[in-house]
Amino acid sequence: MNMLISLRLAIVLLEAAERKALELGLSEDIAIVDEGGNLIAFHRMDNAKIAGIDIAQNKAWTSVAMQMPTSNLANAALPGGPSFGINTTNQGKIVILGGGIPLIFNNKVVGGVGVSGATSEQDIEVANAALLTFNKMTNAGSNSNPNK
Amino acid sequence: MNMLISLRLAIVLLEAAERKALELGLSEDIAIVDEGGNLIAFHRMDNAKIAGIDIAQNKAWTSVAMQMPTSNLANAALPGGPSFGINTTNQGKIVILGGGIPLIFNNKVVGGVGVSGATSEQDIEVANAALLTFNKMTNAGSNSNPNK
Amino acid sequence: MNMLISLRLAIVLLEAAERKALELGLSEDIAIVDEGGNLIAFHRMDNAKIAGIDIAQNKAWTSVAMQMPTSNLANAALPGGPSFGINTTNQGKIVILGGGIPLIFNNKVVGGVGVSGATSEQDIEVANAALLTFNKMTNAGSNSNPNK
Amino acid sequence: MNMLISLRLAIVLLEAAERKALELGLSEDIAIVDEGGNLIAFHRMDNAKIAGIDIAQNKAWTSVAMQMPTSNLANAALPGGPSFGINTTNQGKIVILGGGIPLIFNNKVVGGVGVSGATSEQDIEVANAALLTFNKMTNAGSNSNPNK
């Protein structure tokens, strides 16, 4: 069974991330993409960086397209590292800054969240709030559908 | 005095558009941009066309960048029309399909809404729901700030 | 002898165009490029269309790159016309809307002016003000250099 | 209250930068963008580098989009640094060379200046001349509008 992230669920995830951002005193750009890497929802919090509009979406895309958190690439893409040069592929869509995290259900990447606007550590913390909410809603029984 | 559209207001506008879309039995992609054409919020309704992700955002951008509803361009850009060829400028960001409408406050374009996913007529109707909500909230006194 | 348009001259041309625009009650985007099509100066008048930032520059570029006023292309690029499809070449830089005019000295294209923001007729009228000033300054003896 | 940079003010800032450049014996490309990152005015001084046309504009854009001087990124984007890889996001618009500085009014980024053509240190010095002029004009009372 394939799990599709509904707009309603995506909004719940965005809201979880926004609450965490507010808690940390941050203004963030936050994106949710689906299993094809296509954008479902995006919110730019008041005063969040304009540059983050693109970066948040592409962090989410990267987490799906590379099937890993973008923070992995922050290391792997260093000169001498195994993924050096990966950020110029895919017309520059691959982002090697932390803040993108894949959403996994039944061992399959079903979407991704991407956050941009603060430091990578902070972006990751905000993205993790969305991830946590996603896992909570999908852990209520492995067959339960969070899209209610 | 310049009015800035907050994320909260943008979400209210998206919701108004989504309600109208549901009413009409449509699945739409909906975007809100600010006065500089930068994306504030985007929602893709369940089953809405993936192609509409780009189109909705660029309809919103076009409505701000050209200071007019994109439906104006649908006619003006016909061969022999005054704007023939305008959709290849700006790296293809100008969309000449109806569904993008500027949001105006105190005679100034302060943002735009863009809808894509159905016919242009339907997209326009959905975008108009957002416009109506925006005007209602900003007509409550010419100096009242809808960003509450 | 090659005539190079100085920044000072470019600004004089921009000011001539801006005065005409003000006279006509228009807000315009205005660009001056050199003989290589490279931008020398650009001004966006208050409230001028954001879309015109790109269009004005590329109208100026087109007038140099095609060695003709862009209004020529408005006709030639119609379906069935001799230049149909030209606006998708050069990565979309060729603009087929009137408002771009080459600046000619000693029978050679030495630069171009591009105006965008109103109707093509109005853009052309504003561009012509710059052209007129350019011609006045360069007609004071065929060897006289307007860059003083 | 939001402050909008008029063309007149942008030109004053460009002239301040140009005077500094002349003083230092430099030929510079100088751009002023608004709060949305959109170009208001651009001047290329005689003999300034053609490559600087794009770089100056994108330094200005970056300073607004990232809400910081681009010189911050020169360090942060080094391999191993917190922003490594940021210059391949946003379709290459983010410039990690010094010379872009945000213009701040009432604690808000209302625009940016970008300078390119010499060394980064020199570009920064020229950009600072524009910043200084901006601050002088806006420090005349926190509510005073420099757009006269």
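In this document, chain identifiers A, B, C and D correspond to the written order of the chains, with residue numbering beginning at 1 in each.
Here is the rule we use: a contact is a pair of C-beta atoms (placed from the backbone, for glycine too) under 8 Å apart; a residue touches a chain by one contact, two chains touch by 3 or more.
Keep in mind that what you see is a predicted model, and the values were worked out from it rather than measured.
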- prompt: Out of curiosity, which chains are bumping into both chain A and chain D?
  reply: B
- request: Answer with same or different: of all residue numbers used at the interface between chain B and chain C, are over half used by both copies?
  value: different
Task: Name the chain whose C-alpha centroid is farthest from the C-alpha centroid of chain C.
output: A
Task: Could you put a whole-Å number on the gap between the CA centroids of chain A and chain B?
output: 26
Query: Centre to centre, by mean C-alpha position, how many angstrom separate chain B and chain C?
result: 31
Statement: Cα centre of chain A to Cα centre of chain C, whole Å, reads 45
- prompt: Listing for chain B: what residues touch at least two other chains?
  reply: 36-38
Message: Tell me the shape of the graph of touching chains, choosing from line, ring, star, complete and other.
response: other
- prompt: Which chain pairs here would you call touching?
  reply: A-B, A-D, B-C, B-D, C-D
Query: Along chain B, where are the residues that touch chain D in the complex?
result: 1-2, 4, 34-38
- line: In the complex, chain B touches chain C at residues 36-37, 62, 64-67, 79-80, 82-86, 88-92, 94
Message: Under the definition above, what is the set of chain B residues touching chain A in their complex?
response: 6-7, 11, 36, 38-46, 50, 53
Chain B-touching residues of chain C, taken from the complex the two chains share: 49-51, 54-55, 58, 73-74, 77-79, 87-88, 91-92, 95-97, 119-120
